[in-house]
Every structure is written in C-alpha cells, then in structure tokens.
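Which chain is which? They are A, B, C and D, in the order written, and residues in each are numbered from 1.
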Amino acid sequence: MKIVMKPGAAQAQIEKVIEVIRNNNLNPHVTDEGGPVVIGAVGDGYGVPRETFTDLPGVESVVDISQPYHLASRPFHPRDSVFDLGAGCVGGEEIIVIAGPCSVESRSQILETAQAVREAGATALRGGVFKPRTSPYSFQGLGEEGLEYMAEARAQTGMPIVSEIMSQVQLDLMVKYVDVLQIGARNMQNFNLLRAVGETRTTVLLKRGLSATVEELLMSAEYILAGGNQRIMLCERGIRTFETATRNTTDINAIPVLKGLTHLPVLLDPSHSTGEADYVMPVARAAIAAGADGIIVEVHPDPAHARSDGKQSLKPEAFAKLVQQVKAIAEVIGRRVAA
Amino acid sequence: MKIVMKPGAAQAQIEKVIEVIRNNNLNPHVTDEGGPVVIGAVGDGYGVPRETFTDLPGVESVVDISQPYHLASRPFHPRDSVFDLGAGCVGGEEIIVIAGPCSVESRSQILETAQAVREAGATALRGGVFKPRTSPYSFQGLGEEGLEYMAEARAQTGMPIVSEIMSQVQLDLMVKYVDVLQIGARNMQNFNLLRAVGETRTTVLLKRGLSATVEELLMSAEYILAGGNQRIMLCERGIRTFETATRNTTDINAIPVLKGLTHLPVLLDPSHSTGEADYVMPVARAAIAAGADGIIVEVHPDPAHARSDGKQSLKPEAFAKLVQQVKAIAEVIGRRVAA
Amino acid sequence: MKIVMKPGAAQAQIEKVIEVIRNNNLNPHVTDEGGPVVIGAVGDGYGVPRETFTDLPGVESVVDISQPYHLASRPFHPRDSVFDLGAGCVGGEEIIVIAGPCSVESRSQILETAQAVREAGATALRGGVFKPRTSPYSFQGLGEEGLEYMAEARAQTGMPIVSEIMSQVQLDLMVKYVDVLQIGARNMQNFNLLRAVGETRTTVLLKRGLSATVEELLMSAEYILAGGNQRIMLCERGIRTFETATRNTTDINAIPVLKGLTHLPVLLDPSHSTGEADYVMPVARAAIAAGADGIIVEVHPDPAHARSDGKQSLKPEAFAKLVQQVKAIAEVIGRRVAA
Amino acid sequence: MKIVMKPGAAQAQIEKVIEVIRNNNLNPHVTDEGGPVVIGAVGDGYGVPRETFTDLPGVESVVDISQPYHLASRPFHPRDSVFDLGAGCVGGEEIIVIAGPCSVESRSQILETAQAVREAGATALRGGVFKPRTSPYSFQGLGEEGLEYMAEARAQTGMPIVSEIMSQVQLDLMVKYVDVLQIGARNMQNFNLLRAVGETRTTVLLKRGLSATVEELLMSAEYILAGGNQRIMLCERGIRTFETATRNTTDINAIPVLKGLTHLPVLLDPSHSTGEADYVMPVARAAIAAGADGIIVEVHPDPAHARSDGKQSLKPEAFAKLVQQVKAIAEVIGRRVAA
C-alpha cells in the first residue's frame, strides 16, 4: 500500500502513519519530494485492511500497489532514478559505457586494457576476479590479486571499477575494492547474496537470469531495495531460447518494457547477449536506439588468447569504433555518452 | 557444389558443365556478373563426386557449399540482392517502411489509412484480406473484396501493396492484385505454398516462424529460390520464448546474423515482435540501428475498434513520428528511407 | 453459449431455439444423449445477450463457455469421445498403437514393415507419402504410388492406414486411400487445411505444433469440429525448447492437461518427441503411464538406410519388445492394447 | 584422460602414474573394482599430451574423455552408483519416494505430515526451512527451529530427512541436522555452494535449473564430485518453456538421457514439474515408467492453507493412492519401492 498524505500534513501525522505501518509488521518508505508526502507500506501485509490507514488524521488516500514488487515500481517512484558513476551519471540524460575483459588475467593485461578503453571513451572498467565457470576445471579467476590490479587500473585511469561477486562471503573484500558489485545471471536469484548487497550502499549491477522474466528481475531488485540500497542498475544480457545461431537471444523488448515498469537504470550487455564479436556493434547500437541507459562490453587486447569469452570480446580498435557509433545514435535521440 | 569457370571460358564449355549437372539430376544456376562465371549445382546430389566437374575443360575449381541451403547463402551470392519495390529499392542503401492495418476492414478504412501512411512517409501499404486466425469464430478477412479496396488504395497513393497468402489455391487471385505476397509465420514451413510462390516472379515477404531457427528460415527461402523466384524479403517478427511481458520476443540478433549468412534483404516487424503499441517505436529504431533493410508496421485509424491486432497498432500520428525517428537513425548509419 | 433445455422440452421449442441461434449468425450444435437436450450456440457471437435465449419457452438455463474453444471442450462434451479405428476403438478403454516407417520408400519396404508391426501387435499402419522436408533437396515422398503400396499393405494385414496430408489440394486423393488423415506439426495452424479436413468425415490425427500451446492445439481441433468432423485424435509430439540433448522435449504434462480440458483422444509420438531410438521405449511407457490413449511409433526394417528419420526409428524386434512393455503398463492402469 | 593399467600392475607403477598426474596439475581418481585399475586424470589439463602416460611402466592404454564432465560420466564410472538412504538404497533396484511439505510451518504440521507419508509408504521426509522466495516479502522459512522439528520427525518415524541449503554459510548448521542436502533449481549454478557441499560427505539432492541443459546439470554434479563427495542424486523438476498451461514443463526425456550419460541416480519431482496437484499422480507414474530411480512429492495436510506451493501439494490420502500406483508400475518394470 501507498499512503498519500494531505498537502501540509503535520509531521506528527506522518509519524503516526509510520508507527501504524510498523505495528502491522510492514516497513515504511517515505517519499518527500516537494509534492504531497507519500509513505509506502512494504512487506507481506496483504491481510492488513485499507481502513487501518484511511481513517488516520492527515491521510488523503490509500493506493494499492498491484505488482508483486513495490520499491522497484514506477507507481511507487515515478521519476527516473539517477545516480553518479565515477565522473558521470547513470539513469538520466547520459549514457554509460562499461568496458574491459571478461577476466582479469594479469597486471599488464588489465592495465593495458584499461588505458585502451579509457582512450576510446569508456565510462567505467569491468574485469572479473571470481569467475562463475560451468566446469570446475576451467580458470576460476585471480581473486584478491585481481582486485589489486583493478584498483591500480582505476588509479591510473580515473575510471570506476566493476567486478562480479559470487557469494556473500566475498562481500567485505569486494566492497573494499570495487565501485560496482556485479551480480551475474546465474546468481540473479541467489537471495542470500541479494540480501547481503542490499545491506551495503555500493552500486549494484544486477544482471537478468538466463531464463528469468522481466518481472522476476524486478523482484530480485526488490530484495536489494528492501535492504535500503537504491543504487541498482539492471542489465539485459540475453535469454535462453531455442535459437542456437547465437549464444543467447538479446531480448531488446526488455529495454522499453523495463523503462516503463521501473525507475531504475537499464543497461544491455551485447557481448553476452550475442556471444560473437561480429554482432556486438550492431546490437550495441540497437540497445541505445531502444532506450538503454548504457552498455557493458567485453574488450580484450588479444581475444584469441583470452582465458574466457574470447569469442565475444572486441579488440580495442573495434571498441573505439563502437563508441563512435554509440555516440552518434545517442545524439539522434537527445542523449550523450558520459565522459 | 559451385563450379567456378576459368576467366574467358568458352560458352560451349559452360554448356558442357550445365549438361553434366543436369545428367546428375541437379539444377544449374549460372551467375555471370562480369567476373568469372560461376555455376551452382543445386539439389540432393551429395553422392556426386567433385571429380565429375574438376576434369571438365574450362573449369577453374569446384567449391563445396557447406550450409544446407545454397541459393540463399552468401558464399553462393556474395553481393547483396537489391530489387525494386514501387518507386524505391530494397536491399541496398534505402530502407523501406511498409505500413497499414492488420486487416482490411472496409473501403473507407483502407483508403484513409493508405493516405495517412503515405503522407507520413511509408514506402508500401500492407493490409490482410485472408487472415490466419487462431479461432475459427474470429473475423477471417474480406477476401477478394478486400483486394479490390487495396488496389484502389494503390491507385490513389502510388504505393505498392502487400497482402498475405495462406494457401496455394489463392495464388492466381493474389498474384492478379498484389505487388508483394506475404507468407506469414504460421506458413513459413507450408512447403506446398513455398513451392507455389517460387513458381511466380512476384516479390515475396517471408516471415520467420514463431519457433523457427534462422537456418530454417533460410531453408524456406531456399524453396522459393529453387523455383526461380529471387525477389524475397525475409522478416523477423518475434519468436516464442518463456517471456510473457510481450507477445513475442524480438530476436534483434537475427538481423546481423541473417545479414551475414544471406544476400537477401532483411526486415523487422516491431508490431508483432512486441505486440504492444508503446514498444513499437523503440524497437523500430533498434531494428534500423541493427542493420535491418526495412520495417513493417501496423497502423490503424482507430486501434481501439480494430477487428484484429488493435493493441499493437499505431495511430497515424504516432506512425508519422516513428518515420521521423527512423529517418534520423538511418542517416546516422549512412542510409535513407525510400521515398 | 450453451442452452440447456428443460426435461421433456417439445421439439418445437428446440427448433425455435435453433432458429434464434441461426438468426444471430451462430451455429447450433444439438446434444441429445438421453438427459436434457443441450444446444451449443457456436461462433463469433459475443455481442449476443443471454436474454436472447433465457426467455424462450422450454429453456432451463444458459451457460457461458469461457474457453476460446467450445466444441473441443469438456464443458461442452463432458464424456470421452470414443470412435472406432479398424478393429479397435480409440478414446475408451483400449490403447492404440500406430506404427510404421516415416516414409513409404518402396513396395517391399512398406509390405515387410506392415507385416512385422502387425505381428508385433500394432493397431494401425503409418507411412508418409507427402513429406514436409526442411530442405527442398531432400526426398519428398512417393506421392500416389506410395498410397497404392499403403493400400496393399492394408489389404494384406487388415490394419487401417495413416498418412500425412500437406495441402487441401491433396484432399480428394488422400480421402480415397487413407483411413486416417495426419496433419503434421508444421501444418497445425494451416487453417485452410484444417477447414478442408473438417468438411470430410475421415478420422484426423492432429499433431501439436513445434511451439504451439495446448490451447492453440485445441483451437485447431475446433476448426475441424466446426466443420462437423468429430473424429479427431490429438497428438503430443514434442515441443521446441532450449534443450538440445534430444530432438524435441516430450511435454508429458500435456497428456493429463489435455485429458482434463477435452473429450478428444490424446496420443503421444515418442519417436519425434525424443528423436533417438534409444529413448523411444522409456518414453512410450511413460506416455501410457501418464494416461495417453495411444502412441505412434516409427519402425523401419533397416533404420541405418532409411531415407528419413532413421535415427529415431526402431527395428521390428525392438518394436515388438516395446509393445510387450506397453501392454504390461496398460494392464496395471486398467486398460488394454487394441488387438 | 583415463589411464588403464595392465592387469596385475604393481602398486609402485600405479603410484608413479599418480605422481605424474599430480605433476601436471591434475587430480588422480583411482578405480579398483576387481578388474584392471583405472586412474582418471581430472582437471584443466587439455595441454597435457597422451604420451606423458603411454610410456610409463604398467600402463595398458590411455583413453580420452570427450565430455566436459568426467567423474559424472558413464565412461569414467560405467556401473550405476548405488548408496544407502535411510533403510533403503538409491540407484539400484529400489525406487525411493521422498515426501513432505514445501515448507516446515510448525511442529504439529511437520510431525503430522511425517506420520502420514510414512504410513503411506514414503522412504524419506522433505521439508524446507530456508525458502528461496521470488518476493522478499514472502514467508522465508523457520530456519533452525524448523530443522529441530524435522529432526524430531525423523526420531518419530525413522525416515531420513531432506532439506534445502541456500548458501554455504548455512553448511555447518545443515550438515548437523539433515541426511540429504537439497540444492534447489535456482542454485544449481551457485558454484561456491556446490564446492562447499562437495567438501562434505552428506548426500546431496541436486535439482536441475529452470533453464539448465542436461549437460550443465552434469557439470554442476562434477563440481561436487571433484570435491570428493560421491553421494549425489540428480533431480529433474521441470524446465521453463513457452507453455503456460503448467507451471513448468516436465522434461521426461531427461530421465533416459541422464541414465545413459551418468552413473548417478536420477529422481523426478512431479510437484514442481507440473505445479498442479491434479497432474502429480499421472506424471509420477510416468517418471517410474521412464526409468527414474525415485520421486520427490509435496504433501501437505491442508494444501489450501499452505504457506507455499499449496496448489501443487497432495493431501495425504491422495499421496497414499499415488504410492500404490507407483508400486504397481515399479513391479511391472522389475523394481520395487524402498520400504
């Protein structure tokens, strides 16, 4: 439920509403942005009748929230969520471009790549140090050593760094190093992990699961929001379908669908959603044309010898061309790439 | 197999190769575009050894074609297929925009819509007169009466007309009226129908089946090409996946994938691929950004009262805006919308 | 709508109801099985108010039919549809086993196979003469010559014969020869074909489309029922999913789901639904255990040299073993294989 | 690679092979079951040439393992893995039936259910205490309190208990209480969790992910096996497809496919794979008929008031009937339900 207060409602009236919400085992979320104060009553309180609130002094109206997610929804938060990412901003007019290798493989590899993507116009640097690999025998990432290299790359280039967290036991370590905690597709419904990152105030890049619906993605975001962390970027990264011509199927529809349903920024990852370097550029252009707030792209100085995802990684030169094209499309629709 | 002749091979040598191809129960397809003459030997002749041709006089080399489709493939026909559509051209620099109602409902409805989409910048007019409806009790189309109205709309606006054919028994009637025979998703593997339109020289708009792979779409095009009809436009119209937030899932990857595998023009239908008027514009922009050669869009003067597909139909005003945006994106990538 | 007449309603009252149904552009379907007479009013008559019928003399009640299909639904026809197939019966206690090669390849091949499956305990013989092949260059079937061989096999073994029809232009020919018209997965929504077989009174085996929902399958059956042909067997033959370990995914759930929604008999085709001979036996057993009214199985005397579907075809010996196991499962659940 | 030793190879020769395996950063797995000793060399050692081993004394032959999983594969371990579960055995002739509520809701609920399923013939008791819920506002389980009730139910009935683990931080607690650690569909690729349970010697019930291929399921089992835990039961629980008539699509094919590819026992969960109580019985029968080694079924004394999954839960009476039918099918195929 959403309790809308009368214009000029007294602070004591607001506090009374909050108290009643708490008494019903719900969590209050106050929005006060100049207009009437709105108080969300969030939780498993479907048995609580509307009359609990309608008769309280200062209450204008009580609105049901029909979606199974509340905090993530447009009705709850009609305006776009906008927050900073390094020198840029995400969710507003600016478009962000996150780039870097699938895995951090060595100090020189990540420093070289960081330099290259920075020059090409990237906003932030990605690089995995804990790798969710289908096989237990594949390269599993450099761990903390990799985080140190990432931090060095940030120091050299000024770009914020993005890296994937696979388990809540890695949380303290990750928060110490990274600017953005990435939650990968396979962990989109790892609810313990979602709750853990919800307790932090570090920005989260939440990727859609391989076969998750748009609604389930928003429910997972709700877990993080319920913990109080509002800095969430959603990311479409391709879904699993019957088509085998590409690694995944880019659900481009998800961009306008999500932009309609939620206030959170929405990115697209054309590297994973296609799985093939040749298709990354056209799909990156499509993402921006469809209204995405940014893209995340795999770039490697030597894709043929990458320890993971080489097939879908761009060389720095190709990435530089991609940024040029993304900029051109962005301009046409009244946006610009974050410097 | 593809037999490449030596430069300056004699006509008699070419004819000898053709004769040997026919003797092996294969069909010869000669390509003579200035460079060396190339003769495709197409059919179920996998048992025929290469040596059958390598030793013939004038033969430079014999190339295997590895895909299960031949005539539709890039290796067989490396350059883009370009052909006229009304005053415009499809498959080259120009982008075509086909627009109109799902169904022709009345004379005034189609004439009014034709006028509106013409003014907004459409290249061609669509309108169904035989409707493939899931329910036997739904409106099944106006039949020949509808074709007469379509022809009248063509006469008034100068636009070529596109309409769906559902069965080979409708072929003579349809060919008499329309400029483009549309084969719908449900008939993509109606092989009798494919063969029938392959015998004509009328342009075909072949839509991808609901759960057809990109390869199967090309195999279906091969049926038409094998009959000698080379005027085929392919059309991505959304595939069926687990996601229910939209009617179908737009497989945007299919655009660059198809452009790589085949020389045939590739269109996208954002109306069916999303199923919701609100998502048509962003996905139409994405289509062009991804490299599509055109789009086909449902437009209705009064969507709320349309007899079919009202939910996904644009009003003429919204369509006019869409054309403006598509033009802007086209320009950025060095193309233009056909007048 | 379904108009339930009062017990002992006069014939004139029934005729009046029928007249009013027709005046509203609907089709009357009278059910008179000893209890109260029920008259279905079927068609696109959603605008017709209930009061049109409630006030007519002799009318007990008017019931809405909520599904988009009417004649195929349990509410419209609560009891199982049972009809004869050769010496056996389908839809009742008996389980039918249809067996034979994917394609009729030669006179000796089909006669030999017919003999073998007959001895093993099959109820009916299958064999394709018009083949829907993905490639235009693959074997397309023997056509009428194949039908003659099938007829000869019937004469020799006494088994009814089943063969696929691909287009309404083949209807006269097919009806002349076969006992069961099979409509393949690719033609499940070839509505012209559905309407054509609906006009006949020949039994139809309607296969579920590759990506058709259970509801869409029932809508396609409705097309045939609306034409007056009530001898329809539905067939689950596997759906297309992301899993590539098998050719298709057997949707075993569809068996109880269909048995609940419709009165029509439901078969399963474990050959196509798995695509691999090794999996046919366990999935055939599962079909019967789940409540299917029969199975259709591909059998070939020499699978390694079959012109189509060899990989999924059983040798006669393996098929004989399968029939034994199916019989054992059938007995456990109180059914028996039709002799 | 798999190194097959000569009959009667000396212990020193075996140890030398093991040493060379370790020197190449691979893990040795020795199989000595009476026949020739076989030593698996498992890990990311694709660069290691066969000659490394072929020339060592006592080596008969070196066999490549082509699948991406080794320890889970039939070639590595041709005989069925059989291990005890309570008084019964899984993976051999016996069929196991695990039953109980989705969630442990109260002491009386779980004790009552345990008694009822025990009387009906269940082998083991299931009950969730940590619940992976799509919504953060849904009931999340009783935690340790629930485990205590489960332990009490075990003490009363003698049945082993099965409960889901959601995170490696719950491992010590869970291992203290339960006989079988269930890993749910959403955690099938939670690699940290897989590795953690691989370090224990507690039996694991590993459920297939919503959109995981059979191969990926085996790769996840490989993570557990690589840690040394060989007591793994795999479980098909329905996959996500386009069909919405049921909650999931039971992939019945997966039963024979898995039985062919791996030596591990394979179960089926008809409650989740259908999502509807009415379909549980027929699909349970189908599972056994297809060759499953067991089933896991949700049973609740009062499904209408269950805090989770009520729609798919059976009442104890219906479950008792199910066990009778499963027993009858088991007998027909030469198996029996574990007492």
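Keep in mind that, in the parts below, a contact is a pair of C-beta atoms (placed from the backbone, for glycine too) under 8 Å apart; a residue touches a chain by one contact, two chains touch by 3 or more.
Not measured: the values here are computed from a predicted model.
**Q** Spell out the chains that contact subunit B while also contacting subunit D.
**A** For subunit B paired with subunit D, the chains in contact with each are A, C, in label order.
**Q** Between A-C and B-C, name the chain pair that shares the greater number of C-beta pairs in contact.
**A** Most contacts of the two pairs: B-C.
**Q** Taking shared residue numbers divided by all residue numbers at the interface, is the value for subunit A and subunit B over half (same) or under half (different)?
**A** same
**Q** Which pair in C-D, B-C or B-D has the same interface as A-D, with over half of the contact pairs matching by residue number?
**A** It is B-C that repeats the A-D interface.
**Q** If you average the Cα atoms per chain, which one ends up farthest from subunit A?
**A** C
**Q** Can you compute the centre-to-centre distance for subunit A and subunit B, using the mean CA position of each chain? Integer Å is fine.
**A** So the centroids are 38 Å from each other.
**Q** Using Cα averages as centroids, what's the distance between subunit A and subunit C in whole Å?
**A** 49
**Q** Subunit B to subunit C: how many Å between their CA centres?
**A** Chain centroid spacing, subunit B to subunit C, equals 34 Å.
**Q** Could you check subunit B for residues that touch two or more other chains and list them?
**A** If we look for residues of subunit B contacting two or more partner chains, we find 211, 240-242, 244.
**Q** Mind listing the subunit C positions that touch subunit B in their complex?
**A** That would be residues 42-45, 68-69, 132-139, 166-169, 186-187, 189-193, 195, 210-211, 216, 219, 222-223, 226, 240 of subunit C.
**Q** Any idea which subunit B residues touch subunit A in the complex?
**A** Residue list for subunit B touching subunit A: 211, 213-215, 239, 241-246, 249-257, 260, 273-274, 278-279, 282-283, 285-291, 325, 328-329, 331-333.
**Q** Which residues of subunit D touch subunit B once you look at their complex with the stated criterion?
**A** Going through subunit D, the ones touching subunit B are 211, 240-242, 244.
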